[in-house]
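Pasting in a structure now, in structure tokens, and then I'll have a few things to ask.
First chain written, first letter: the chains are A, B, C and D, and each begins at residue 1.
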Amino acid sequence: MIGLSHYLIVSAIIFSIGLVGVLRRRNLLMLFFATEVMLNAVNIAFAAISHYYNDLTGQMFAFFIIAIAASEVAVGLGILIVLFKKHGSLDLDDLANMRG
Amino acid sequence: MENLVYVALFAPFVGSLFAALFGMSQRQIFVGVIASGLLAVSFISSLLLAINLYTTGNVIHVTMMDWINAGDISIPFGFVIDQISVTMMTVVTLVSTIVHIYAIGYMDHDKAFNRFFSYLSAFVFSMLILVMSDNFAGLFIGWEGVGVCSWLLVGFWYHKPDQTREENPSISPSWAANEAFIMNRIADLGMLVGIFILYWNTGSLQYDVVFAALPNLDDAVLVTAAIALFIGAMGKSAQFPLHTWLTDAMEGPTPVSALIHAATMVTAGVFLVIRSNPLYGMEAVAGVSFFIACLGTFVAFYAASMALVERDLKRIIAYSTLSQLGYMFAAAGLGAYWIALFHLAAHAFFKALLFLGGGNVMHAMHDELDLFKMGELRKKMRGTFIYMTIASIALAGLPPLAGFWSKDAIIETAFNEHTYVLWFMLVLTAGMTAFYSFRQVFLTFFGEDRHTALGFHPHEMYKFVLAAMSPLAVLAIITGWFMGGYKAFIYQIGEGVQYEMSEHTHHLATYLGLIVIFVAVSGIILAYFKYARTGKNAFKRNEEKEQGFFYKLLINQYYVPKIYEEYITKPYAMISEVFWTKVDLKIVDATVDNIAKFFYVSGDKTRAMQTGNLSNYLNWMAVGAVVLLVIAAISAMLV
Amino acid sequence: MLEPINVSLESLNLITLAPMLIAIAGALTILIIDLINSKLDKSLYVMLTVLVLFIDFGSVLGLNVNERGFFDVMLIDGISIISQLMIIGGSMIFIPLALTSKRFHEYSYPEFFALFLFMIAGFQFMVASDNLVLIFVGLETASLSLYTLIALHNRANSYEAAVKYFTMGALAAAFFAMGSAVVYALTGSIELYKVAEVMATRLHETGLMIAIFGSSILLLVAFSFKLSLFPFHTWAPDVYEGASAPLAGYMSVVPKIAAFVVSIRIFGMYIDLGLEWVRWTILILAVITMTLSNIMALVQDDVKRMLAYSSISHAGFIMAALALDTTEGNTSIFLYYALFMFTNLGAFTMLWISRHKKRRFNKRYDHPYEKFAGLIQIMPVGAVIMALFMLSLAGVPPFSVFWGKIYVMQAAVNSGYIWLAIVMGLNSAVAAYYYLKLIVYMFLMEPVKDVDMVYYNISKPLMAIIGLATLATVAAVFYVQPLISYLYYMISASGY
Amino acid sequence: MENMLSILVFFPAVAGLLGFVVEKESARMYGVTVAAIEFALSLWLWFSFDMSNAGMQFVEMIPLIPDFGITYYLGADGISLFIIIMTTLMTLIGMAGMSETRNVKNMIITLLFLEMTMVGVFVALDAIIFYMFWELSLVPMLYIIGAWGGPLRIYASIKFFLYTFAGSLIMLVGMLFVAYTYHDLTGVWSFAITDWYALVLPVDYQLWLFAAFFIGFAIKVPMFPFHTWIPYAHGQAPTIGSVILAAVLLKMGTYGFVRFSLPMFPDASVMAITPIAVLSLIMIIYTAMIAYAQKDMKQVIAYSSVSHMGIIMLGLFAMNAEGLSGSVFQMLSHGIVSGALFMLVGVIYDRRHTKLMSEFGGLAAVMPKYAVIFGIMLMAAVGLPLTMGFPGEFLVLLGFYKISPIMTILAGTSIILGAVYMLRLFKKSFFGPLNNEENMKLKDLNNRETWSLIPLVAIVIWLGVYPKPVLEPIDNSVKALLVFMDEKAITKEAKDMILVSKSNKGGA
């Protein structure tokens, strides 16, 4: 029988995978994907908990997260495009003009 | 009569201010004349006060105004005219008047003539405050005031450069002035402490209140107060070990030496002890008093010994002053306050005369003071010769001149108190005194003419100057004759100052006097044979003898100045330097700067985390989350 | 099975929603006007925005304290009102800064103003709710708009800044979402007042502590990022540097007010539950933040970057007040920001008017210290005003920030955290150095050769704003009293 | 004239603001006139002062932030009255004697603002108002040192600012804690010092608070080991800066001890006697020795200033009216004398652009007037009777003798060591042969310099001969303070140590 804890563990694992992606990736686009992965991990958790409590709030939260993730991608990609036009690269390490 | 008090006190002050008005302008004879005139006024007032006191016996006590009132302390400007202060006033104003007149001639060619009179009159004013004050704080005003005037006057020729100690033992007038001031300050601290002790134990600084309260005090308090006040006296009266400044102070113009460093200021210490006789006469402080007597005797001998070999005319006189101060302290320490005071007065007359005579010689010899470069001056400077001989006889203590009576009384006192060692030392010193004072007379006025070869053409001083000196000469002769009268006068104060020889001593008085005379005469004869003769017996300098241990010891003043320089002055400068460069800059200040630097450097270090690389930033966030967890866990465990 | 939903309009209490709706409607209006005529001048949009904000401000003032509305997700309590007022007020001072004498790219887009209003609506949502969903939505709306506004400045550095801010913001959002999920898992609710109730009953269940731990830390990370607390502050200096000066000044105040309100709600709840370790964690975080950012500010070469670090330090200062969790502590947060707002916006405005298209003094920086060398000789009034702002930031009485500072310190002392007050004092002393450095450059150094002008970008509206900021900074002592009593009343009314 | 103190505080500030309008060439005259009016106002304050009243007079009270207990609360007593007069006097004299030619207008305006803050510190009776003026005074001084100073001016000015600022922030925490305690006990917020006086604190509180205030004040005084900013500040500051710094700013520290530490923490003050006395002794002896090692005239005066502040500190903790009155009097004396000495050093610096003693020698011959005035001030500095330097120093030592004879003797070495370094300075610069070519043609004091120094000479002698008009009001207030401390003290040791004057014992 698959219970709440299994879902939560999956969610935690995916969240960690996303986090590692954020920390390790050098390409901005991949970074964005990694954050999406993290947000989706949260979605899994919300859906599972919502089911567990038999309460719709969690699922509602999940929907909001999906919407926000979408707009985030929209804005993020917009900025990335301008950046790519200016720099010709999406590599993080090229992006260190300001420091100190 | 009260007005006379103020006249006596403020006349010199007015003179000083008047002279100061012209302080920066050309030499004006009238400045000197007016200053002298005002001093004469002061002298006459003092004399009138003395006569009044003598005839009526009424002690005058005036309070001019409040000075310092704070907490429970109340110090007025108050003045008391009793037998002690009036004696001092008369002596001081008389000698000052003469010195002022003398200075008109002596300072004739000096550009700073007017300034000199301003200082000199200011000194007299301070001295009068010192002796007239009715409280210790007022005494201290005068005490410090004379110190400053002494500083100004010793350093009067401030433009002279510093020399090495070998060239000039006093280095320079400005150096000597500073030395005098600083050494006096050391003693002043002692005096201040004495004042503090008296204040906190008696609640006042007025002489009458303090002295009235003395019998109720603890012995320990009395002893410390007596010691502290005596330390003050030691400085001003140049007692060992604070004596070196006095000989160096001879760098000042000779009238200054005569007035300040012989007749008046240096006796302030003796005056203090006499003034505080209710304290020093107490049973509880007998030990201190005896110490004073011993120290006085020691200084008398010590100074006389240095004078034996000295070649500098003024320094010899300075040593003799030191020696005579020792006599005075011996007397005061043994309880014979009135004898000390009498010797103080007599000494003031003959020593001032001696100094002024010395000034004449110096003037004639163009500031050359080396006795070995003089000789046979009596023909060219008859008046001066006579004066100086009189003064020297008085100093040597031969009857019937002033010095004999007073000094003999002191020696007799030592005998009377059964302190035979002191007595013996004092007698011995009397002989030495006679020897060196006549050594000086003979080397200056007798013997071979050594100065002409060196290009000196001495001439006698102005007539008016010699005339002005005559009262001193007369007094140097006759003062002693009035000893009995003075005794009656001063006995009016009360038991404190009364001192009578015992029956036994009285009996032996004649013999004791004869011993002193004998010793003194032997000293003079010895000096005559050694220095006064001419021809093949003439005095010759013996270089070999000057290498001897004792000679070197004496000529170097027992190496005391050297010791002070090596073990006090130099280490002080060195420690100061270390404190500044090593401690203050390298430790105290550097600590502060390093704290600031620490922040700055750690800022630079921390800044390195801000690499500009987004990936690093994201890692920082993850690290931060972990760190937060750790912090939270730790605080959860601790709280 | 499902009952038909039946909601009465009264129970919705839509008035609570009005302020945000006004801002959104204003933004849409601007977009529509642009569609009609795309050649209009920026001054029109500026004034329109100010007007919208004005109405917005009025509508907030009209709200009653302690009401709920719109399915109870809106919460209009004291702190939500005062924070909305401050957000709108700050924005009203900020937006006229577009009226510079030199032309800057971003202001030619009407979208700039629309986005700006959306952002304000986002902040208002954030502060006017205790529902984690709505907070999340408001937060993201505001943040996404802000990223775009930064990027609109249209320079290489601005893009870099936007990307950095965006990426880190996305990560923080994920943390926030995960934190909310854990809270939800713990309590079955995302309404903070219910969360508090449930959590209080479950506090001592074994095994739950780890979850409480997790939720608080995840949320703390998310808000530490927003509030730029160490070590989540790394974006701040870069973003401030990359953004235009007024926007940087704005970012150092308004978004932080919003974030602080949410933090008060969330972490106040944790501390009220008796979880002392939350307090201590925040305190330690705050102390580290104020100290480290201070010492990093010491070594900066650029005034704007220095001000960025200084803002971080001020945020740390206030975070400490938050950890006290007393009414005075919470009052001091708002007092501090109210006073800090004028001074800081003033200081950034002074940088803004000194902005030159070219970097004349330094290859990298727009506002290196050298630029201001000897300003007293070139432009004495400007130098004096800038010095006033710096002194105020340093906490020299009687200038505005001082009053905030002593109120914070007093709050710390009152709660028994004397060591905290001392740390704050020492930090102020360290901070004085870098503020002083600018004063030293302006007053004590000789001007760089051939410079006769520093304030290229000055214009009448900007002068008016600087004048207002100066007045507010200097005359603070006269309005602190009403301000304190109002804030204190509002905050104690809402139970914080 | 109920609001006399407000006028006194804000008149210079308003004049400073209006000063921006005045033409550059006329700025100096404007400044001198304003300072003269301010001085006249302060004299008027003196004449309308009720000498027999030991309490606060001219009290003004306007609530500023009532919720937080902050009040605009001013008042003056015998202790502050003369410090205020000295402040206005030294500002006037400093301005009149100022030789600065660069940016005179800025200087004048800065000085006027500085005057406001200085007067403000001495009349404030609300801790926060006091703190405000205290901190504000740093800013004009920073500017004066930094803009008109020597080569290290920026380092010196920043050091001055940060050092004092850091210390006063600790003091601020102390103030906040007192306010908190007051609120705790009475339920009312108040920062009024007079309210705080009524607060009887437990001994451990007193000790901690004493320490907090001590740091703030001690840095300002400056006490060893917090004194190292002062050689830089004096060394780099222009003449006027040093004059004001030495004359007035340092007094803020000692004044703070009288106004806050003693009456508020009597028990802690008594406990602190020995440590403070030790620090004071170090100040007196150590800095006197450092002064001796200096090569620069101004540094000698600067270190001597620290040494003299040691005497003042010692007197403050004598716990009897003699010492405390003497200490307050010494503040005035030090203000005038060290101010004058700095002005005198400025005179020679203007002519030669060096302050190294080795450059001089024999100046007395070419500059006799200068030498005379320098000499008088020097004598006052070493505490010669009948100059202003004596009564204060004498009373302090006298007073402290009651506490500890040994320490008094050590402190008394200041009269020796002071003479040592001062006379060395005088000898090196004024005595000896006139060897240096450049010194041969030096001009003596000009009219401006003479007439700005003569009043100081007159005061130094007047108050040396007849200190009563000043000493009496001070003494009244000090006695009242001691009675108050004695009544308030809770430990027996403190009650024993604090010595109430006999005149007060009868009445109370």
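Here is the rule we use: contacts are C-beta pairs under 8 Å (C-beta built on N, C-alpha and C of every residue); 3 or more make two chains touch, one makes a residue touch a chain.
Since the structure is predicted, the reported quantities are computational estimates derived from the model, not experimental observations.
**Q** Closest chain to the protein's overall Cα mean, using per-chain Cα means, please.
**A** D
**Q** Report the chain whose mean Cα position is at the greatest distance from that of chain D.
**A** It is A.
**Q** Quick one: chain B and chain C, Cα centre-to-centre, how many Å?
**A** Computed value for the inter-centroid distance: 79 Å.
**Q** Go ahead and note the Å separation of the Cα centroids belonging to chain A and chain C.
**A** Once rounded, the distance between the two centres reads 26 Å.
**Q** Rounded to the nearest whole Å, what is the centre-to-centre distance of chain A and chain B, using the mean of the C-alpha atoms as each centre?
**A** Here the centre of chain B sits 97 Å away from the centre of chain A.
**Q** Counting only Cα atoms for the centres, state how far chain A is from chain D in Å.
**A** Centre-to-centre distance between chain A and chain D: 66 Å.
**Q** For chain B, what residues touch not just one other chain but two or more?
**A** Touching at least two other chains: 596, 607, 610, 612, 614, 618.
**Q** Would you please write down the residue numbers of chain C that are in contact with two or more other chains?
**A** 163-164, 167, 171, 237-238, 433, in rising order.
**Q** Two-or-more-chain contact residues of chain D, please, as numbers and ranges.
**A** In chain D, residues 162 touch at least two other chains, as defined above.
**Q** Identify every two-chain combination in which the chains touch.
**A** Chains touch in the following pairs: A-B, A-C, B-C, B-D, C-D.
**Q** So in the complex, which bits of chain A are touching chain C?
**A** 8, 11, 15, 18-19, 22, 28, 31-32, 35, 38-39, 41-42, 45-46, 49-50, 52-53, 55, 57-58, 60-61, 64-65, 68, 71-72, 75-76, 78-80, 82-83, 86-87, 95, 97-100
**Q** Under the touch definition given earlier, write down the residues of chain A that touch chain B in their complex.
**A** Going through chain A, the ones touching chain B are 19, 22-23, 25-26, 92-93, 95-100.
**Q** Would you mind writing out the residues of chain D in touch with chain B in their complex?
**A** 159, 162-163, 224-225, 227-229, 286, 289-290, 292-294, 320-326, 329, 362, 364-365, 368-369, 372, 379, 382, 384-386, 390-391, 394-395, 397-399, 401-402, 405, 408-409, 412-413, 415-416, 419-420, 423-424, 427, 430-434, 465-468, 471-472, 474-475, 478-479, 501-503
**Q** Note which residues of chain B are touching chain D in the complex, please.
**A** Residues 23-24, 65-73, 137, 140-141, 144-145, 148, 151, 155, 158-162, 172, 174-175, 178, 181-182, 185-186, 188-189, 192-193, 195-197, 199-200, 572-573, 575-577, 579-581, 583-584, 588-589, 591-592, 596.
**Q** Please output the residues of chain D touching chain C within their complex, sorted ascending.
**A** 64-68, 106, 128, 131-132, 135-136, 138-139, 142-143, 146-147, 153-154, 157-158, 161-162, 165-166, 169-170, 172-173, 176-177, 179-180, 183
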